[in-house]
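In the two complexes that follow, chain A is the common piece, with chain B as its partner first and chain C second.
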Partner chain A sequence: MIKWLCLFFSYVLMVSSHSWLGLWLSMEMNSLSFVPIMIEESKESSLKYFLIQSVASVIFLASILSQSFSFLTPFALLIKIGAAPFHVWLISISKSVSWKVLAFLMTFQKIGPLLGLAMIQFTSSFFILISAVIGGLGGVNQSNIRLIMAFSSVSHLSWLMVNMTSFFLVSAYYVAYVVILLSVIALLSQSGLLSLAQMSDGTSLIYSASVMFGLLSLAGLPPFLGFFIKWMSLEMNLLSPTLILTLVLSSCLSVYFYFKIAVTSLLFPSEGGAQGAETLAILSMGFNVLLPLSAL
Partner chain B sequence: MIKNRLPSLLRHFPEGIPVASTRSYFVHQNDRKSGYRKKKDENIIKNVRDGLKQLKHEVKAWKEEVKERITHDPFEFINPGHVEPLWLFEEDDCLPSWKVSTDTDWGLGFSSASLERSNLGYAAFTGNLDTTVPKDGKTSRAGYCSMQSAEPRKSFQREDYYDWSLYTHLIMRVRGDGRTYRVNLASVGYFDVTWHDQWNYLLFTRGGPYWQIAKIPFSKFLLTAKGRIQDHQGPVPLDRISSLAIVCADKVSGPFRLEIDYIALQYDPSHTEKFAYEMYKVPDFTD
Partner chain C sequence: MCISLHLTVYRSNKCLLLIFIIPISWNLLIKNILFAFGLSSVLWLAKTIIHLLSSLNSSQVMIYSSYYMMGETFVNRFMYMMLGFISSMVLLIMSSDGLSLMLGWDGLGITSYLLIMFYKNYNSSSSGMITILSNRVGDVLILWSLGLMFYSKSWDYMFLSYFSLSIMLLFILSSFTKSAQLPFSAWLPAAMAAPTPVSSLVHSSTLVTAGIYLMIRLSPSFEESGCFLLVVMGALTSFFSGLAAFGENDLKRVIALSTLSQLGVMMFSLGLGLTLFCYFHLFAHALFKALLFMCSGVVIHSLGVQDNRRMGGVSSMLPYTSYIILVCSLSLMGFPYLSGFFSKDLIIESSESLCMLFPSVLMLVSCLLTSTYSSRIAMVCLCSYNYNLSCQYSDEEGEYLTPLFVLYWGAVMGGYIFLLMFSGGDVSIILGPLKSFLLLSLITVGVILPYFVKSFSLSLSHYVSSMMFLPFITGRTSFMPLLMGELLYHEGDCGWVEEAGPSLIHHNSLRGSSLFSFLTSSPYKVLILSSLLFTLFMYFYS
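And now, the complex of A and B:
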């Protein structure tokens, strides 16, 4: 209970910190509260997470305290967030943890580093491109669903970094991304399936449809919520044609692996299904379809 | 070499067996093998020559890995009830890849074991378990024989793991002698705190002429480290299995025989249990 309270308090501290030191303190509190939650599931993953976050924290602290190392600030935050080319730890951890922990890793654990990157308005084309390319290519040949979602998270980080010029844009993208991702993860965790190879067990049509809608929303296809946030990112930011082309092409690669999950779940329908799962499926569809349409 | 041992006990040990220096005064483990290492060949030229001979084979294996990673052959759907064979002892010649060890190998006992093909073509793990404790002043218990699968390796001898995360049960078709064997799943990780983690399950064999099919759920394995049951338990990390071992160490001196037809995995979606044992919060011992 205490670790959860500390974790949520760290999020509050992060968003209300006015200085780099305050942000560092809240990120430290965050990682130290999160490690006991992870250790219940996998010792190996929690140790890897702790070591990576500690190294990044040391680099971050050195960069904010010393002028000579100030150029290291964005690197430290990118390591913390799991952006390419510092994404290997996230992929390694994703395989061993549960959906609950993975959901936290891909959503709320990014609040602090994203705030830091937004403070310095970090929009390096190199990191945006490499995250987009690695996130897109990495998920193509995967059959493990958690790994696919981890690579999708790397890919979406590139879109988040594009919006770093404006605090409002990055917040809007982040909130929409969290809503879509949590709805998809809630559905995937209900099924208990870990791999595409297990999907022959059969899922109800409404469940498969809502998973598909969620994934298409993540992919950025209209008329889902994901499309509008990506459209907003391209419209509201001044981007070079190369960057736009790479982001769109990486989205196409993402569409391929999202479709792999969606189509596989649709290939083996069954009539049964838990009542709770159907309710969740309907709610998820509501978020992904009705929410953007209501804004129009 | 063995020192400070009584002559009557020394005559049972083969010459030149290493003595494991297992005593450690620190929490940090600096040796993955905990001292149980054979002496390495110090001939550098010979090692380099052997390494170069292996190079061509390793490069070929690496190319195959890259090709497989890029092409990623279409996966097969695993239907409920699907059984994936791991080791088919009757058909495959996988016996040489298994390592047999006993306490005699380290001068800690007098047991003997072997893994051979039986008359009918199955794998037969046989031997003699001896619980006589050697009087060396260090050993308090003796008597174990084990057969352990080879650890999977990628190209250039990089460590790899078995990924059994899609499966829920371990299936073994065995014919035992009524003894209790232990099935160990080792999961050696990066960090020293997980080097000695093993998940154990007691396999009770019936004896007699009939075969038994043991369907062991992974949720029933218990975590131990260096033979001690751990307070903080958890399910088997099925995506990082280093090896499987079958151990005879039931403290009963005498001959043993376990015939194995196959070892396989099964996917049973109706088995939703993650971990079978209730975890009670133990009080903090401050003394």
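And now, the complex of A and C:
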């Protein structure tokens, strides 16, 4: 109980900090209180997580305190967030934790570093390009659904980094991304499926349909919510053609692995399956489909 | 004027249809709502009336098909395909520019192909293939014209500027394919392999009138001057299909060819610049032709045969249906004051003054032939005794009675109502003393003619019923292109194009992805290697 309290307190501290030191303090508290949550699932992953996050915190502290190391701030924050080329820990952790922890890891643990990156307005096209490429290509050959979601988080990070110049855009993209991702993960964790081969064992039609809607929303297909945030990122920022091309092509590649999940679950529906997921399914569909349509 | 919205509630073999008619005051509201979705309200009245007509026909055919398709395993599939067809037609009617027209056009082609192929035999399959290929030619022509319209900076019909002549020609040719005018009319008789509800909806009032509708939408560009191509093709189609129906024995084929004949009349009137008369004929024809097909479906179901020579004595078995067949045939012939009379008479009488002798003579002969084969159907079905001892017998009950009743009133009153709406009841055309009785005299001669021409010699009937050997010609000329097409597909699309495009991208992305997975995998030296690579890459990049 206390660990959850500490965790949520760290989020509160993050968003209300006025200085770099406050941000560092809250990020430390965040990672330290997340470790006990992870340690129930897998000791090795929690150790990896702790080590990576503390190294990143050290680099971050050094960069904010000294002037000669201040160029290291974005790198430290990128290590914390799991962007390429520092994504390796995220991939290896995702293999062995549960969906709940993964949900937290991919959504709320990113608040602190994203705040820091938004403060310094970090848009380096190198990191955007390489996150897009790795996130897109990495998920193609996977069969573990959690690994697919981890690679998807890497590729979405590239889209997030695109609109770091404006705080409003970052927060809009982030909020929408959190909503979509939580709805998808809530559905995927209901059925307890681990790998792609298991998706065809028979799930109810409404479950498969809402999983598909959520995944296609993540992929950025109109008319779902995910399309509108990606469109916003492309329109509201001045981007070079190579950047636009790479982002869109990586989106196309990610469509491939989202479709793999969605289609295998749709081609073998059954009447049974997760019954309790009915309301959840409808709720998630509401977010992904109806929310953007209401804006029209 | 009102819009009719209809809801089709489909429950387990029964197709209930509710027609809600929204009053006049809501017309503007719906216009504005649709405008927000990008559907413009140009020519709203014309669109609404055709929409009303096709909604009426579709709704009645859906009820009828619950009777006709009873007992089929795949009724669900049929119903959904019909709904797809109806929605494509509505899209086509409501479209104001070439792009949504393309969507509706293609939707019509695909859904009609699927509906024709409903019964699973080679006959249906080959008929469907003829249909889709003919329609495909029209699709390609419309795509071509869309490409040309690109230079007018708008796909709306109103803005045709530089390439207008070629665009119009392409649209005319594509409507020829859709409405089965002469070079492309091989598919309509063959499409009778479809179930009868499909014939009555698709091949009588909606699909084949899509081409005519397109021409009506584009008619301002040739209204003043007339279009000789349309006149000649319409007249020829009308004549040859009438001749073919004269020698045809299959009941549904005769009705299909009569549809083709009336389509020829519509094209003919468009070519003369009589747009309103063509619209009128479209309206009236759709009303009674669907009804005629439905009645023929009832006759076929109750007798079990489709051939004229095995039918007879239907009037004692199905009095209601045979009465409606009689009324529809009379309307088709142009019997005075029924639905078909007004439009047909107007067109024929106007054509006396407006065009050269040959097309109008062809039109008159086709009217004669219309009355001939219509009375032949009526006579053969209704009057004579049935010498076929092994036929079935059925009473007149079923859900088809409602649609027959509803459309019957349309067939009787529809023409007059249309006339009232558009011209206040008096349209006067001045002709000489002999010519004003032209249509009536043709009908009379046509009705009497079958008594004298009861049997054909075999060779004559072969020539007459094969429509100047048109299917033979189109079949043979398309052999070499199809062979080349197969070669192109096998070597190209399945061969090196596949290897250079999709397959290549797939394999390379899998290889790249496995490379990245390898670089993020657990062994320590791999991690060191990948971090080294990344630092080098970063150093050289920035």
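We take it that the second predicted complex is superposed on the first by the 294 of 296 C-alpha atoms of A that agree within 3 Å, B and C clash if a C-alpha of one lies under 4 Å from a C-alpha of the other, contacts with A are read in each partner's own complex, and residues count from 1 in each chain.
We take it that a residue touches a chain if its C-beta (ideal position, glycine included) is under 8 Å from a C-beta of that chain, and two chains touch if they have at least 3 such contacts.
Keep in mind that what you see is a predicted model, and the values were worked out from it rather than measured.
*Asks:* Which holds for A:Val178: it touches chain B only (first), chain C only (second), both, or neither?
*Replies:* neither
*Asks:* Give one of first, second, both or neither to describe whether A:Leu25 is in contact with chain B, with chain C, with both, or with none.
*Replies:* Once the two structures are laid over each other on A, A:Leu25 reaches no partner at all.
*Asks:* Just checking: does A:Leu47 make contact with chain B only, chain C only, both, or neither of them? Give me first, second, both or neither.
*Replies:* first
*Asks:* Check the residue A:Met232 against both partner chains and state whether it touches chain B (first), chain C (second), both, or neither.
*Replies:* So A:Met232 meets neither chain B nor chain C here.
*Asks:* Is A:Asn141 touching the first partner chain B, the second partner chain C, both, or neither of them?
*Replies:* So A:Asn141 meets both chain B and chain C here.
*Asks:* For chain A, which side has the bigger count of touched residues, chain B or chain C?
*Replies:* If we count touched residues of chain A for both partners, the winner is B.
*Asks:* Tell me the contact category for A:Leu266 with respect to chain B and chain C: first, second, both or neither.
*Replies:* So A:Leu266 meets neither chain B nor chain C here.
*Asks:* Can you list the residues of chain A that meet both chain B and chain C?
*Replies:* Shared contact residues on chain A: 141.
*Asks:* Mind pulling up the chain A residues that touch chain B in the complex?
*Replies:* Residues 40-44, 47-48, 95-96, 141, 143-144, 192, 194-201.
*Asks:* What residues of chain B sit close enough to touch chain A in their complex?
*Replies:* Those residues of chain B that touch chain A are 69-70, 72, 75-80, 165-166, 189-191, 193-194, 197, 234, 237, 239-240, 267, 269, 272.
*Asks:* For the complex, give me every residue of chain A touching chain C.
*Replies:* 85, 87-88, 91-92, 124, 126, 134, 137-142, 253, 256
*Asks:* In the complex formed with chain A, which residues of chain C make contact?
*Replies:* Interface residues on the chain C side: 509-510, 512-514, 516-517, 519-520, 522, 527, 530-531, 534, 537-538, 541-542.
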